């Protein structure tokens, strides 16, 4: 067997994909499970996972931080969140029967209250003489303005439930809505790591490219111009200032903030309301590859809520080709993969907000790993907003 | 950055799911594959895997104890069960052609009989001068009352095929039916480990809770009352006695038995027939997460067979919400997971039959691992039954 | 507990599947990924992956040798093949916008040309002062008669693109067609390792069994008779001679060849044209378990192309039962499994061509691993063909 000499002697390609290192992710930015440093830090906070109507007499499967749980509401109106496998023989309580005082397993009838106490064992002697020896694992639930929150962390560190000052006062004719729509996805989870979704909040430049230039203007004209951007650490996270001079000469000072670990406070991009933001949202890590945003928002009763439009349609109605031609946050973030490869990132100057968020986030992980308490508060004063008017009058508002 | 002191100082939750150990299963109760101690013990017995009509001239894929095999029936009426990959180049015999003397591979035409002997190699010299050097791996098949059984164990330990005394005599107007319906699942496999399904037979209390109380009475009134239960070791397994005094004063002595390793003899829960059970069933481990029950039963010719009803429907017709409100064995057992977590079990007094079954089962595993023969018999005398009448007259019948 | 003595004492089965070793594959024959010896050898050649119309202004996902890539064609008509993840933040360029000079990422608007140079960074200072520091990984593309080829290997070893002499001259009224139909599968990939598909070319005996005898004659009567077969090493691979005396007394000298590493040159099995083959095909390893054949063929313009028929139908129209009764190459090769088990092969005399192909293939792997150049040529002279006529006149033609 012989061979011609056939390799090109002259020009050698540069920068090809040959020989690239295998991509990898940074576990600290990805893990959410119990026992991981990041998962333990996340477990030091309350997390929303559903709306009040999700807790009924029909047991429902929910997943929070990678943990599968069963949600129900007993006959006394108490929401219960319990480990799915019955502590006796392991049958899921999804098939349990909800009663006045708790949930009863279908297999042998053991009855547990919302805190997992065993109240009845119908096929054991005397209905269970030693019921106190058995406990169904459970988690505390807190309801806040129609949203259900759970605390999955160490009981001795359970914090008071934090409230937000913008919900202290509700104007006449307004109400507070608990929204599990996942920002236009009709409630379906987003199939990627939560941080890809969350750190986007500190990346205001993508609004100019993705939402205004690339896919037509998905929001309103006030948002279309390229802003001057700066970022600032806050006590509990990071905020960005996005400043624009509008066509009518007024100054538009837009402030967006993230609060540890997964709170996002973004004033409406439709600029319906000037002044402080009217909503607070949370990016829930359902698991390390499933994410859902829950939003509490103050709204005029009965007013339609604007939605982002793509080629004149809402997102769920797009064809595959329209997803390619009119991409939005979903495409940009899920398009990074189920878990992005941090090893391949090349952060640039415009990514400073992302870097600052990660810095604070990593600091909390270290704090908890060192045995200290991460940053938090009992009552949060919102800074985010759309502040429009004379420059000097609005620049200090958020 | 600073932080409020916001942890609750007073009441600390107990018994939450935080810090639970990772769940685990007991391999000895789960494994069915060749080379595992349990798989080797199971391979010392004949296992049913289909009904006679499954073996035809069209090759069929079957799975037994985690092994994929091809079933066919040659032109002389012999059922063949062979390794799927042709011993020549590995093409599946699923695409083979069944002939008078065996099955022919589609790729190069090698022909094998039901015992794997190579009978023809059409593209080798002289049709294969050295055919005797090649052998397609196969397993012996035995047909018993229309059910197909296979022996997948070491040839030198192949036992005689065991028969059951209740099938020795068939009354006039009755016949024996080979049923692969998987107890109401229309033949679909149950997606969980076989032992979850099988040990349920030694758990008569679940009948009272799951089948009578929880989901309405799925059987008949005789079965609805809470029984007195006792369990007893037998030569080849375990039996339970479930004793009730019926409303009319008669004594109902119900006996259920399991026979090593996976035989279940349960008298009809519809109590159509008094006296000894009229059926024998086997819980086949298709794989470690797929299970199917095969039943041989003696029945009056033409008589309708009662089926368990849930909310007035048979199981396959239930909606998801009805599965939640009217659960049956499927929900209770599959609801333990594809493989239950034995590490999380908390067996109680009513689970004594399950413990006794596992005790005998583990003993057989150890026996085989030690090089000895597990318990078995050539002809089994059935004890199970619905014995109704005067207490003294029926108590010794099963 | 006691046990009857019930093992059969007399006849012991032989050759059963009990105790078979676990099946395994030969990694050298299977791996295609970068960094593996075989993957590195394959990367020393150009590979077809699509037809010219696949490269458009709508980005398209393609996979070659296990690598996911994005294909597009810029406004100047240049085909681009780039790593999917944008080198900035990792969003897939599948959602990019194709412009005159390249593809622009949807997330932050970075623009890359077909060689990965960064041309614009709209949200960085001055549109990106340091654009030259960033490079999107890419691969060179070559278009040949409407087929797209890529080179995924080390740039310093990029060979000249090899051409085939049969395409140098195209008769009047004929044209060259780039066909991505995957030989009758309507373009769908074949779900098995590529070598199972490819080495079949050196196995002419299966034609006699599978295509002529087993499933009816899928081709034409000239192909149905059993040929005399011989195999011969060539400079770049292996060829087989399949010689038959036709019913009319003419001698049919059919030559088929494989060229390193994955070229297959097979004259039409419908014997429409006598003389040298009119097509060249490549078996692309899409991944280690996905395969697709791309074919360049010279044809009379407008002439219908014959297709293999099974029970009077084309392959995609067959029912499951017809797939069993009328199997073709798909069933025989996919029926070996997603990756065949080489440990279970028993090659026989008729498999000599397969052995010879593997011998040359392994030699190239060793050559590249040793730092030398594998066999190749800049211009290939095709030998394959259907040569029919007087024996002495045709026997030396291919």
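Here the chain labels run A, B and C in written order, and each chain numbers its own residues starting at 1.
Simple rule for what comes next: a contact is a pair of C-beta atoms (placed from the backbone, for glycine too) under 8 Å apart; a residue touches a chain by one contact, two chains touch by 3 or more.
Please read these numbers as outputs of a predicted model, since none were measured by experiment.
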Copies subunit C and subunit A - interface residue numbers shared by over half, same or different: different
Equivalent-chain rotation between subunit C and subunit B, CA atoms, steps of 5 degrees: 120
Distance between the centres, which are taken as Cα means, of subunit C and subunit A, whole angstrom: 45
Subunit C residues counted as touching two or more neighbouring chains: none
Complex contact set, residues of subunit A against subunit B: 34, 43, 58-59, 67, 69, 82-83, 85, 87-92, 94-95, 97, 104, 106-109, 115-117, 121-125, 128, 134-140, 152-160, 162, 233, 235-236, 360, 363, 373-378
Interfacial residue positions of subunit B with respect to subunit A in the complex: 1-8, 12-20, 23, 205-206, 208-210, 213-215, 226, 321, 323-325, 327, 331-333, 335-337, 340-341, 344-351
